[in-house]
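Letters A, B and C mark the chains as written, and numbering starts fresh at 1 in each.
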Amino acid sequence: MFQVRKRVQADACQCDSFRELRWRLTLIFLMFSRFFHRVGILVLPFLGLLMTACSRADLEVRQSTLDPKGPVAQVQYDVFMDTVYLVIVLFVLVGGLLVYAVARFRSRAGEVVKPKLEEGHGNPLVEIGLITASIGALVFIAIPTLSAIWYTDDVPKEAVATSKLSAWYPRVDANGKENYAKEVEDQVLEIDVIGKQWWFRFEYPQLGLTSDAKRTVPNEFYIPRGKAVRINLRSEDVIHSFWVPKIAGKVDLIPGRKNYMWIQADELGHYYGQCAEFCGDSHAYMLFRCEVVEPEVFAQWVKSQKTDAAPVVAGSKAEKGKALFAAKTCAMCHNISGHFGAGNFGPDLTHLASRKSLAGAWLDNRDPKAQLALELKEKNTEASMPVDPAQLKANLIKWIGSSGVAHGADGKPTPDVKPGNRMHYYKMFNVVGLRESHQKFTDEELDALAEYLLTLK
Amino acid sequence: MSHDTHHAPVASKLDLAPERSDLGLLRPDRSTGLMDWLTTVDHKKIGILYGAFAMFFFLLGGVEALAIRTQLARPDNDFVTARMYNQLFTMHGTTMIFLGVMPLSAAFFNFLIPLQIGARDVAFPRLNAFSLWTFVAGSFVLNASWLFEFGHLAGWFKDFAWYKSLVYTDFAPANGWFSYAPLSGTFGQADAALHAPRFTGVGTDFWIIGLQILGVASLAASFNFICTIVNMRAKGMTMMRLPVFTWMTLITAILIILAFPAITVALIQLMFDRQFGANFFNPSAGGQPILWQHLFWIFGHPEVYILVLPAMGIVSEILPTFSGKSLFGYPIIVFSGAVIGFLGFAVWSHHMFTTGLGAVPTAAFALLTMAIAVPTGVKIFNWLGTIWGGRIRFTPPMVLALGFIWMFMCGGFSGVMHSSAPADSQQQDSYFVIAHFHYVLLGGVLLGLMAGLYFWFPKIFGRMPKASVAYVASGMVILGFNLAFGPMHYLGLAGMPRRTHTYHAGMGWDTWNFVATIGAFILGIGVFLAFANLVWTAFKGEKCSSDPWDGRTLEWSLPSPVPEYNFARSPIISARDAYIEHKHGGHKIGYESDGGEAGVHMPSQSWMPMLASFGFLLIGMGMPMLAMMIPHAGWIVIAGIGILFLGIWLWALEGPGGYMLKTPSGSTSPSPVSATSSTH
Amino acid sequence: MSQVAESSHAPTSTGIDHKKLIMWLFLASDCMFFGTLISTHLIYRKLYPTGFTDAEGHQHFVQRLFDIELTSFSTFILLMSSFLMALAVSAMHKGQIKSFRRNVLGVIIFGLIFLGCQVYEFTHFYHMGLTIQNSVFGSTFYVLTGTHGTHVAIGVLWLILLYFYSFTGKLGGHVGALDVEVAGLYWHFVDIVWIIIFTVVYLIEYLGPNGFWGTGLPIAK
């Protein structure tokens, strides 16, 4: 019954209809300009907003809900536009009537108004007519709403044929190793999203990327292009919300509750997401990223996630950094497969240096100027520069050395990057953060540590 | 043998002999000045006090908002810390709703209802005073959290043992005005001291107890007003002849008494979780955080209709007055108000569309939410019908009322967008929601309340606010407001989540955040100017007649300011819009033969309601202090409970008292010119 | 009139006295209040039908925990107290102050017996391992019944004050009857709420072969 909607090619412009809209509104506005001095203050900013906020770039910013790149977001966008059309019609009719009435029935200067004293019964015919029309107008949006509620609820049956694992992901790789078990080959890809204060942990239970296997994926997760993916939403502490606007509307992660959703991204790229339910001091810093790649690249990525970290070169600064990683108690919370296996509380760092963001995707590891220039040039916010090692190193030093465990260039204790964050501030259940345990870092130590972490590709 | 002792009618209460209550304590009936205001049971004075407090808290909430907007004007800003920002937006919302809009509406209920129904006071004058002082106590408790926060930031407490033992140092509430569990609650097992680990500090405890106390105040006032409206109408004032404002007050009060219990229970459960290790919302023990959301929004959705219905009632009075026509479709407007109130209880989960309710409940609540747009639309159509064919006078109240229709309509449109759950899944928790509710609350409710202030001010104080200043202020408010919140529709659709204290450049949000901040400051100046105009007018404004607008309802038939006894003689009503009918139509207002030399019964003033409220103040301060483990805080709570019970007990035993006040005799029809004396 | 009319004497639009009307309004609100507490309890019963687990990890069935005989007795006592309350109101209407005092004293004593049974029950459950902290059932049960008990206690306090006030000679006439009637309304409400709680919290556990919520103790055994 429901089609998996293909994303219409990017050039078919929603903006064309906006341009037409703009013109129509300008006409209406001009018609009433005689009365502008009375109601202009009321009308102008609203219309002005509509007219100016409509350039293509404004609609396609990184977390825009008006630039859907997958069927779920597309359907939600289409339903939204239905409500927009309805509202515009109502605005013109009712707002227009209001403006007209105010203009036409204003009392003239010097006129003495003798009040009319009708019974105030109104006009039942008008009332019933308007009520019926209102109900009809609402039916106009109710039907697509209901259809969309069911469509977005869970993976549509017709999508399973192309999205099930066996359809695009070889069960056994070239070396004869199993990528996933036979029992799950007819399932679509499932990702467990676990919300914590203030980052997201991603697990792929069918593919062996789990907490038990000590191979989890923090903050930046990968999905194959054009395939439906089921997301299971869990929280380990408070309520969070999973929102990648260009791919789908949000669903909350509620502790004790097994929420789920499905997504599908039809265009390659690096997508931006953010936690959308207030979750404490650093809610604003709880971002995440979604990388959409071709299925073959996805398979490669999964394989790389299952490899251990390479050994450090003897005698290098990185070796010093690795020793510090243990000495400064980092290993208590962070897992680095092949190096440190005791910690599972904080994000897994095994592939830290391949990630484009840090600290809950708040710090970006790409050259900022180059990244912005690329987005402008490609007219595509999902285009991405690769990781810039210099930027990554600077971010690592800034992040680890924040919250007063180090001193800045001015000699003062460093400020917070994420106030209250667990790595620095935690003080509960035998886990003690860096600041709470009075760890201190010198610049050399931070440098060595960063050099070590840079080797974790 | 009767409880009343002032038998002989007096011309002024200052002529009374000193009188003792049944307890043997002096009744404060003869007090003047500050004592008079503190012990008053006069609904008009209580209304003025509510209004004064409300306007103060509006400005305080506005300062909190401007701090928020300053922080957000630029990306990666550090005007305030994350923690301070979270406290600011929480207190902004809580202050505006509970300490701004609700008391300002209460100010109107208090001043106008007895006048509009032809009564001399409310059913329970001392309960009315109790509501006011309990509200003051609650507002103090809530804002005391700020005092603690400033003390913490300034380092006043750093040498105290209790302070050093605190796990969390957030003193002002910082979880948002709806404070979702388990962030506001507990997780894990309770320890031997019955405390389970929490995510937040005492700020949440201030919020819980502050809201409980405010809830008591609202409930008490609502019981009083329902009783008054239903039971104290003048002869001939049938329900269908009531002014629409009175009807909306009645529906609002019914909503309050049926909706507040849900939040009362939710707050009790949260408090038990935090203080006694209960498991209502503790996920580790099987508690369901979503239960908090259900309970809160079962209260929270009717609450927004509690906020808006009085403003709609005000607009329904102003539009006919300044169009020179009666309200179009009075019965339908009343009925649609009742339907909105009723349906308001059926839509609460539209605040929870993203919580994974399941397709069927989501669909049901989406459809019900769309349905509630119908009676709201009906009201707008009827207001249009009212001004259609009339002769519109653009006085300041009328300009504001027309602004209300426009802004509320826009807010209603974004509400219709939210009603579609799939669209809402993108909009929820983003700036789009903030735009929506500010359009209905600020553009709608605040403009409506401001319209009411300018409309009835001449009646309350006998002075006319300066129109030129009013127009400038209104223009600034409307312009600033649209500039601030219009762009937020775009920001939300561009993916900016709410409750985030900062954002990076490069997200595309910079420009419109800056514009919104400019708008917010213009709005703030406009509101301040509008209020300052009123305050100045109260003391130095130009005096005006008792019926400057050619009013339609009973209150305009009285002198300005209104004398203590309201009506010299009780009116006898024979039509809707009784006063305009009296002046220009065939139905004259009749008058009973009460009053005159025999006097009318006036209730005695009393200290007891305030005493009882003081008990609440102590409880409200003591409980968070107990949570902070400040030594001896438990005694403050116990003292508070004791004083509360003592106050109520003395209140019951002192007897209602009362005295007889003479009213002017003479012509039975009201004079349109104000009496120049004021016997307050 | 030589006697000053009090506000509650003045004719009301509905004919119902102010005090009575406001008590009805308060009771409507209190209905929603108890409704919310009861709903919370029922929701969690449905979610966790197997009762509760105590601190040592032992599973307890609610049917074994409850002492339905004792609770039935205290319910009966509360019902009888309502009957005595009705008699007290009637006595006040007829101006029979001594009869009023006897009946009100009866209500107070029965109310105290009810409260005593509640206290005993709570202590008993506590010793059997049910606390507010160790389970959701404990939280919902104690808060619901504790709130009801608080309402009863406030009622008992009110009636005690009325009882002593009746000795001053000031309780009488129309006003006295009204005050007693209003107290009676409150008392009857508290009783009715208890009937509902007794049914949906206690009795319902014994309905059906495995307890109403399922997977409880098999009743047939």
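Please note the rule applied: a residue touches a chain if its C-beta (ideal position, glycine included) is under 8 Å from a C-beta of that chain, and two chains touch if they have at least 3 such contacts.
What you are looking at is a predicted structure, and each value in this text was computed from that prediction instead of being measured.
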Chain occupying the middle, per Cα centroid: B
Label of the chain whose CA centroid is most distant from the centroid of chain C: A
Separation of chain B from chain C, taking each centre as the mean of its C-alpha atoms, in whole Å: 33
Inter-centroid spacing, chain B versus chain A (mean Cα positions, whole Å): 37
Chain A and chain C: spacing of chain centres that average the CA atoms, whole Å: 51
Residue numbers of chain C (touch at least two other chains): none
Residue list for chain B, restricted to those that touch at least two other chains: 286-288
Residue ranges of chain A touching chain B (in the complex, touch as defined): 38, 41-42, 45-46, 49, 53, 57-59, 61-66, 73, 75-77, 79-80, 82-84, 86-87, 90-91, 94-95, 97-98, 101-102, 105-107, 111, 113-123, 126-127, 130-131, 134-135, 138, 141-142, 144-146, 148-150, 152-153, 197, 233, 237-239, 241, 243, 245, 248-252, 254-257, 259-261, 272, 274-285, 364, 368, 371-372, 416, 419-420, 427-429
Residues of chain C defined as touching chain B within the complex: 2-8, 10, 12-14, 16, 18, 21-22, 25-26, 28-30, 32-33, 35-37, 40, 43-44, 47-48, 132-136, 138-140, 143, 147, 161, 165, 170
Chain B to chain A touching residues, read off their complex: 81-83, 86, 167, 174-176, 180, 182-183, 187-188, 197, 199-200, 283, 286-290, 323-332, 354-356, 358-359, 362-363, 366-367, 370-371, 373-374, 377-378, 380-382, 384-385, 387-394, 402-403, 405-407, 409-410, 413-414, 416-417, 419-430, 475, 478-479, 482-483, 486-487, 489-490, 493-504, 506-509, 512, 519, 550, 552, 576-577, 580-581, 584-585
Residues of chain B touching chain C in the complex: 2-4, 6-7, 22, 121, 123-125, 189-190, 194, 196, 219, 222-224, 226-227, 230-233, 237, 257-262, 264-266, 268-269, 272-273, 276-280, 285-288, 291, 295, 298, 601, 603, 649, 652-653, 656, 658-660
